[in-house]
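As structure tokens, here come the structures.
One chain, chain A, appears in both complexes that follow, with chain B as partner in the first and chain C in the second.
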Partner chain A sequence: MDATPHLAVSGVSLTDIRKTYGTRTVLAGINMELAQGELLCLLGPSGCGKTTLLRILAGFETASSGQVLINGKDVTNLPPNKRRMGMVFQAYSLFPNMTALQNVRFGPRVRGAGNAASQTAEAERLLAMVGLAAHVQKFPHQLSGGQQQRVALARALAVKPDILLLDEPLSALDAKVRTQLRSEIRRIQRETGITTVFVTHDQEEALSISDRVAVMSEGHVLQIAAPAAIYQEPANAFVARFIGAGGVLQGRTEGQGVRAGSVLLDATAAGALPLGTDVELFLRPEHVTLHETETASPGALRAKVDEQTFFGSLTRIKLGLHDVPQGEIWADIPSDRAGRFTPGAPVWASWLPESPRVLAR
Partner chain B sequence: MSTRTTLSIPNWIIIILGGLFFFVPLIITGVFSLWEGGSHYGMSAYTLLLTTSGFWASLFLSFRLAVETIILSFFLIVPSMIFVHLKAPWLKPLFEFISNLPFVIPAIALIDGLTTLYTGPSWLISTPNYLVIPYVFLALPYAYRSLDVGLTTLDVKTLTEAGQSLGAGWGRIIFWVLLPNLKAALIGATLLTLTIVMGEFTFASVLLFHTFAVFINDTGQNAITEAAALSLFSFLITWLFMLGVLITGRRNPASLGGAH
Partner chain C sequence: MNLLHFTDLHIRPAGRLAYGMVDSNAIARRAFAKAGTLGGKIDAIIVTGDLTDNGLADEYAELNTVLADVTTPVYLIPGNHDRRENLLAHIPGVQQSDGFVQYAIEDFAVRIIMLDSVVPFATYGELCPARLAWLRATLAEQPERETILALHHPPFATGIPQFDATALRQIDEFRDIVASNPQVRRVLCGHIHRYIFGNIAQATCIVGPAIAYPFMLTLDPAIKEGFVLEPSAFLLHAWSKTTGIMTHEVFVDSYPGPFHVPNEPDYPGRPPKA
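So, the complex of A and B:
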């Protein structure tokens, strides 16, 4: 996957987008560039402003200030029906009085694109593309939630949009359908090459589907990068906490480590910060190794098993630390080994010095 | 798999008593409408009725006024209610309040107010068309409720935005998307309005227009068996409209859900 977008031809350009409701600032100066054909996920907790940003892109909300360019054209003040966009909504949004085929034909019909025969043929092609060739004559109430969202995707693509906007389209679906449809959205997006903005609060969804992820909080974009970079090199404590699971320990830098309580924790990254800087050390659970005895790993951190969470092939273990006053560590181990680490059992935790991320507080 | 509900004996007794309470007066009225004096029974009241001058004219007048009322009501209420549901939901309590006014304002006060307020062209003021104004007001609670239920069931905001995102303007969104999905609500409002206007007496009588309800009243004062026949005829019309409401109401309103 090419993580770096080709910005020479910008699909979407947002410049200093602000949105306020009275005294409340929902978006505080968002700047963002999307390459043509890129899929960007807006990821963040509820109320972070991601849906508002998407709605500004769609034209359903007006930015208090700032500029929106799509394929180089200023659309900031264009009404939604004058923008060339396709949108899939969180709520089922198919027109209940129309069949799947009529729903998909609606956009081309409204825009006067081609004649009835060509519109029908294109609608059938798109419905086949989303795997619903056998359901073209069904009404929305005859389709499952997943099928309805597929039709909604085909309908959004039928207008040959400059930009595809997906507003948590999978959140109402059950887990299995969600995973399946997620892959299909990505496949179709790659095939069609449409610049896409996907809003979600599900980090797994964002990391698995995107070219880049923009992590948002309280109206700000905190980090925008490829999924792997977001996961491995979070720009700040919020991103580190929000993306993926992990342990957080507080301390001060001391050479190639972080001093937490009476313990010096190995962390090469600490060397990049001045001595004595207050920091937080982030440690992913997959980077932590557990030992049943101290002798198995000299210098390992003494802890005890606080709780176990079973995830199928993996079991996540929460560790209570003996010599570190604040913080916690998690470790992922194969479930077939989890029986050795029962709650209350003493353990020793170690990690490679280059694994932790160290961020100034 | 369908399940059949069986009723207990007390339930049957209640239903039978209710049926008797409802049907016995109707049957007796029906029998009385067939009475021709002495021990003679026949259809003379009905045949006379159909040939009486004013019957068809008053029936058609009421029907025409009902249609005009429906058109004006929809013209005023449908866009307003879509606007309130989409853009100004905080105005809904105000709409609720206004829609309930016909229940609390006495008809005579309403007529007095209207005749003072509306002093328009003679084609409106001097003709039965004038009745359309109070009739719209009278039918408001029923038309409002029916449409409100329809709009609440429908996710108007999402459907509108979906339409806009596909390039549709307001006209197409209303006529291609919203109104077809409000069909049951619109038919319900239509039939209720029709029923109310066909049976409305006070406004027409006070304003001296000869509508169907006024005709029934006048007939009742001169020929009692014809009045009974007319009452049954009027009942029949009302039932037919109510049957229409029930049938359209039974059809599921537009649903955004699906088989999950």
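So, the complex of A and C:
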């Protein structure tokens, strides 16, 4: 499947979705188009409105105004049981009194889709697809948390939904199972070609699984783009801060650089803004190179090592800056080199001029 | 939509009687079996608490075996005889929110909101500020949709002191929430082990009869409550667009009949012969 969404065919169309509770605005006019077969993550901090938006798509909540189209059909005023959607929640929500097979068969059975034999065959096929062929006769209490979420996914797909909605489906699982199931959700989503909205607060999850990510804050979508674009070209300071780690330095543009205190920091992007613009310079830790001596890299920024955080293959080093009044930066270096940069040691930091992102304050 | 309302199963570990004399496990099995004999499609069974007698792991294990033969969706909430952590550990699949066994059922024409009124180490019920806030927010999601609220502890006073001592503590707050949400048509609960009707604002409130055993009814406040071996029962809440929700009582066990009702010659409703 082509990873690039084709917006000519709309899977989901949201027009000016607003949600208010009394005087509190939870969603402030959301407009969004999803291509058929696209996987979009709604990503943002707690309270940003991502779950409310998902619940409006599901019909669990009513928008105060706006329109929801799914596959071209206006579902704005349809209750959840009249929408063709499959939903997976964070907490397992299986029928505790039914086997995996009965749980998956339930939706088609209630809707009268096919006969008993075809419903069972389809449920078995879906359970095999999620890797549970050997567990079809087990009850939820006989399955692990990850297996229960696999059943929940198969159950959501069994009703042949127009749209699959996933509300933090991996948050209750341990790290290893989470990563494994994440890849499987993506594989299954690609195989079935079903338009999917995935809510998460975990940026690694969002960046690794999505065709596009919508970063939300305070009821607004701040940026909606492919994961690489979100990471490399954040549209504003919130997205730059929220996605990935990074240093932020404040200053003013001066030619192809940013003046911060007595130092002129290399940043080609500053050239696109008028001279003297107040800006923030964002620098990813993987773009920062450390040197043990000043002579190794003329013009490098003088600093000292404040702290080290070990991440396995990489070590992240937080730097205290000598000549820049406001801000901090980090550098990621291979852990086998980290021994040279012990806390308190003097160090010089450099980067390629095209690496920093420069955004007006 | 046909919704069965079970309450107060008081399941014991396999092979054990409740209080040395009530075979609550067998009664529960008969009740779920009876649900399959009503002659119509049952959409769901809700159980409003006291799933077990002591909240023991062995009791939830036995409940799993009781439920294993049930093919209708079953939705559970705890009562004061349950232990929330054991319920969630041994019966996974039960939904929760913010650490409580509270959730909305969205699959049917009528919305059902299941509430967790349990206070650990207490017999009375409580909806703490966090749970009341969740209820308000959940009701605000779909103010137009006909809604049933279900919880274990009755959120109203019956006037019988023995029963009312252990009711829900937040009766006023609960009534205010119901009153400001006209979509709430029924409040279903358990706990008292008797079939009781009342009103909470515009909603009819019904305490379901117990599956395990009924408590005796007395109007004398000096008499200590006790259980009696009267018939076990559950409720059928049948909904249609034209009738709204209609409630029927169903006895768990069978009694002689049905017998044909003869049209006696002296029956006053008999039309006169021309």
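Simple rule for what comes next: the second predicted complex is superposed on the first by the 357 of 361 C-alpha atoms of A that agree within 3 Å, B and C clash if a C-alpha of one lies under 4 Å from a C-alpha of the other, contacts with A are read in each partner's own complex, and residues count from 1 in each chain.
Throughout what follows, a residue touches a chain if its C-beta (ideal position, glycine included) is under 8 Å from a C-beta of that chain, and two chains touch if they have at least 3 such contacts.
All of these numbers come straight from a predicted model, not from anything done at the bench.
After superposition on chain A, the partners chain B and chain C collide with one another. Applying the stated contact rule after C-alpha superposition, one finds that A:Thr62 touches chain C and leaves chain B untouched. When the shared chain is aligned, chain B and chain C each come close enough to touch A:Pro140. When the two structures are aligned on the shared chain, A:Gly86 is found in touch with chain B, with no touch to chain C.
When chain A is checked against chain B and against chain C, the one touching more of its residues turns out to be B. By the touch criterion defined above, A:Arg111 reaches chain B but does not reach chain C. Within the superposed three-chain model, A:Pro274 lies out of touch with both chain B and chain C [touch as defined at top]. In the superposition on chain A, A:Gly344 contacts neither chain B nor chain C.
In the superposed model, A:Tyr21 lies in contact with chain C only, and not with chain B. Of the two partner chains, neither chain B nor chain C is touched by A:Gly312. By the touch criterion defined above, A:Pro96 lies against chain B and chain C together after alignment on the C-alpha atoms of chain A. According to the touch criterion, the shared surface of chain A, contacted by chain B in one complex and chain C in the other, consists of residues 58-60, 79-81, 89, 91-97, 106, 110, 140-141, 143, 145, 148.
The touching residues of chain A, when paired with chain C in their complex, are 21, 55, 58-62, 79-81, 89, 91-98, 102, 106, 110, 139-141, 143, 145, 148. Chain contact summary for the complex, chain A toward chain B: residues 58-60, 79-82, 85-87, 89, 91-97, 106-107, 110-111, 140-145, 147-148, 152, 155-156, 158-159, 165, 174. Chain C contributes residues 43, 64, 67-68, 70-71, 73-74, 76, 90-97, 103-104, 106-109, 137, 140-145 to its touches with chain A in the complex. Chain B meets chain A in the complex at residues 154-155, 158-159, 161-169, 172, 176-177, 180-181, 183, 252, 254-260.
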